[in-house]
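Shared between the two complexes below is chain A, which pairs with chain B and chain C, respectively.
On to the complex of A and B.
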């Protein structure tokens, strides 16, 4: 039998499946496509800025963040770019250190939630209808039944009273906050992972893998995971914005990062006491940072959803053409 | 490992297979008292309308159904081993190792996120312990050559970069990668292919069965494929086997009215100006309780009230096969009657 020659270019409609990974279709890479639009370019620049802030920010701090380096409540000046606080500490230095802590807590919490939530959701989806599924989903329902801003302060409040440690490792307050936020976000990822797995399990390729004797771990990690990753990545972007907001709220309430440690939330907490004395600079900079962070990651989530979910793309295109017709 | 159960003249023997699904607290039977036997090198066709339980029977044999499906059988013996007694790990190793399945839609049978090469290598890792990792690619290219694909430089291509016909041939190569393979289950392997590619794939399957002495169970809607490929045919209706015959007898002397009506529904060429025959009604739903013959409501050759009263058993017919009809053994051949 003569061998057919492989097509040089992707065949029209040849992906067969709606969500066949877009990066394989010969189109520009995801990053390049995101960079080609002003909205997503802005969000990418923002993400880069915050990552840089977290990585090198503290090294750029001109003063010790806990050191008393000037007059109390000095307004922004050439020497103290963001002024000083009521104790005479340099706010810019505290802001740089605090940014690192807030961003790391945000990423840490989302990483925990993404890993644990995806694993639990995939296990529940793989054995949907079984006792494993019921147990996992009911446990997650319990977590979901508590409001976010109640559960995190309660967990950190209770646990931070004791010195926690695993062997020689001591768990710091910041790690505790990240874990608490992560636990609260687990159900979000687990539900998405479960729903996606339920849809994927009906696909023929899973049946084929099973018919060739594929192991459960291969089915889960090598076959299902790459095909359910897109909605999880989108959710992770939104969850990052939420995690940083929750950290700020919890620290503002005094249950998160503790003084003299700094985070955007603790900076706002300290600022709230000085606002009546005219210390506006204490509020403005961390507030702008939080707002910008939330804006950037929500925008990134939106853009990723548009790129990774072809149905959203189609709907958008259809809506646009409908409005043009009108 | 269990002791041999029956003499190995038949490489696969299934008796009394029953598959049901639990639905709203009730058991809904999908396959009832299904039996088949296939010898090395033999091709057995499994025909019937959609919903007659053909694919479910294959998946049950391969042990791929999990709760809420329930599979029971009096015997499922592969090469002398009773598959019912295998542990889940042994069963997993048997799938793809001794008995493999190919599917209807090749583009969806490959994971779109991985290259053909990486998916093929994973199957080799499972079923070819004789190979070193460094030998995988050479073996894949050799196997692909066997199905008419030049695999050089294409192992890093994704499934969408191949045509349907190429993918089906690659799927056949993957299914046949185990050296210990004895039975190939083909679930409508040519339904999604165009006619010219269909002929090539059928020819390939027939060649493989002959070369490697493989037994094959071929599920299809297409009776012309059955005529071309099969040695023996099992006709299913509403989850039950209604006729078993060798391929010649099935087309020359069909015993069951359902088989006759199926054959009558094949469009003729050249067109003789007659209206095409269409079987009235449809396959009853799985949960419908029918006391008599399940085909009675659509039968053109009803015998009488007994057709609605009692379900006919599968008995030896005049043509040397088996048929489940009250007329069998009582009247002259239905084929002659209808002619």
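On to the complex of A and C.
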């Protein structure tokens, strides 16, 4: 996880690089500091749980997730822990497979958004006021001019109709959903990266590197990136919660992961058809999983912000822009 | 102030223009043939060709776009492929349901979220505060979709007959029936935002309570109730008001899911339906209408923030950062 790479404390004596100051040399590691508070300990355990669920979940499935293994719409029992769906498939097995898909899509989407958003934001910030800057920011405005749940269903609906093949490369439907969600989340990271770069550019160490004739690429990657990482990592935690919510929504609408496959969203889609027939077990388990995932990562984001980005707590304008991004 | 307003609006126009190009191109990339959808799979080739010509689908995409843009300038969004109705009329027909839903949801957010936040701030770090804080965090974490499905489960299966959970009745037809059908979807739409507003109100209220003028008023013996209701609350609510404005925009997005669950014929449902049957003119019409509304709301909110907080107006961060 990205949070852990930040957490590494540099060796005493340090590498001598400027960004060492962010790492609070000598203090206990970030992970340990987080674990010492009940709120963040809960979120760390939750993160661990979901990572484990994504890694080993499908191997624990007692049945084939697509196989017709029981009566249709059977309530949870010893044989089928989460009951069966209208076709008689084992919901627990589908849930384990679906959790993996949902979680991977969430992480994939945020990874795309983080990488692309940070790059674009840093370029815009580095040459603030230039044409590159205004081009990038305008493009992001275009993405931002649609509400999330208006743009994503249409984009994933178009992309996910069929597997896309580029040459020998087969891109599966799930990957396309992740990319679509990632693209829509790019502005969130780009804006933060740009604002942070603007702030850092005024710092003495950047002036120093520049006066030594440091190359732009080195300034961006070696000097700026480590120093603007904290707010981006914080935002990544919130974005993960958002990405999973969005995946659930678009798959529910029928535009995301396609029906034979399972994800939390498709499970809810199937559940919605059986609600008034009393199939509560179909809706309860994926719902709990989504809510818990969102809660855990929102909590993690809050705690990371307190630890990594103390400025954010005190300034009013930050709170405003944060709630806009929600 | 006027200059700021004009410049914000002018800068929004090219953004929306590019957005429309993106939406237009995206939809034309979508697999599925609208002519086939409207004529049926058995249609002979010459009929299909005729329909394609009628729909202008045989022209190059940029010509189609320019034609669409030309119509748009005259206030015409084209005609629906399926029922040949004007897209503007289709949108106008679906708009009231979405607006009604959003207004009631916004009322829920204000009536529940703000008092909870104030209470939380006044009881800071006591049990009430902690309960409200945990509650709002939990509330933020439950997406619209989940709330909506649970409400249908509760009122459709466990306790049927208390409140209707499906469909929509226009306000003009039957006020009681209309409102009855609005409660549940509005709650589903508002739920995650209530916690957000409560949190924001709390932190804003705490900040204002920490100001010197509050301490001065206390020292002068002004009664606590007067301090809270007359002096503090008004200032504390300023940032909340602007966030509420922003959230109105987000309710537009949430309505796509909520309207689908509750079977409400609003804009969100229209987007999904029209996309499913490849009714491009309607889909683009809805996308651009919502985008324009979204951008307009954001501009109004920004300007409002400038009115409320004069520091923004004079140089400091005018517009965006």
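The working rule: the second predicted complex is superposed on the first by the 285 of 326 C-alpha atoms of A that agree within 3 Å, B and C clash if a C-alpha of one lies under 4 Å from a C-alpha of the other, contacts with A are read in each partner's own complex, and residues count from 1 in each chain.
Please note the rule applied: contacts are C-beta pairs under 8 Å (C-beta built on N, C-alpha and C of every residue); 3 or more make two chains touch, one makes a residue touch a chain.
All figures in this text were calculated on a predicted structure; none of them were measured in a lab.
Would you check which partner chain A:157 touches, where first means chain B only, second means chain C only, and both and neither mean what they say?
second
Based on the superposed arrangement, let me know which partner A:48 touches: chain B (first), chain C (second), both, or neither?
A:48 contacts neither chain B nor chain C.
So in the superposed three-chain picture, is A:62 touching just chain B, just chain C, both, or none of them (first/second/both/neither)?
A:62: touches no partner chain.
Which touches a greater number of chain A residues, chain B or chain C?
Touching more residues of chain A than the other partner does is C.
In the superposed arrangement, which partner chain does A:272 touch: chain B (first), chain C (second), both, or neither?
A:272 contacts chain C only, not chain B.
Which holds for A:253: it touches chain B only (first), chain C only (second), both, or neither?
Only chain C is touched by A:253; chain B is not.
Return the residues of chain A at which the contacts from chain B and from chain C coincide.
none
Touching chain A in the complex: which residues of chain C?
12, 14-16, 18-19, 22-23, 26-27, 29-32, 137-138, 140-146, 149-150, 152-153, 156-158, 196, 200, 203-204, 207, 239, 242-243, 246, 249-250, 252-254, 256-257, 260-261, 268, 271-272, 275-276, 283, 286-287, 290-291, 294-295, 320-321
What part of chain A is in contact with chain B in the complex they form?
1-4, 6-7, 10-11, 14-17, 19-21, 24-25, 129-130, 203-205, 207-215, 218, 222-223, 226-227
Which bits of chain A are touching chain C when the two form their complex?
Touch list, chain A to chain C: 137-139, 141-142, 145-151, 153-155, 157-158, 161-162, 195, 198, 241, 245, 248-249, 252-255, 268, 271-272, 275-278, 280, 283, 287, 290-292, 294-295, 298-299, 302, 316, 319-320, 323-324, 326.
Within the complex, which stretch of chain B touches chain A?
62, 64, 67-68, 92-97, 100-101, 103-105, 107-114, 122-123, 126-127, 147-150, 154, 157-163, 165-166, 171, 174-175, 200, 203-204
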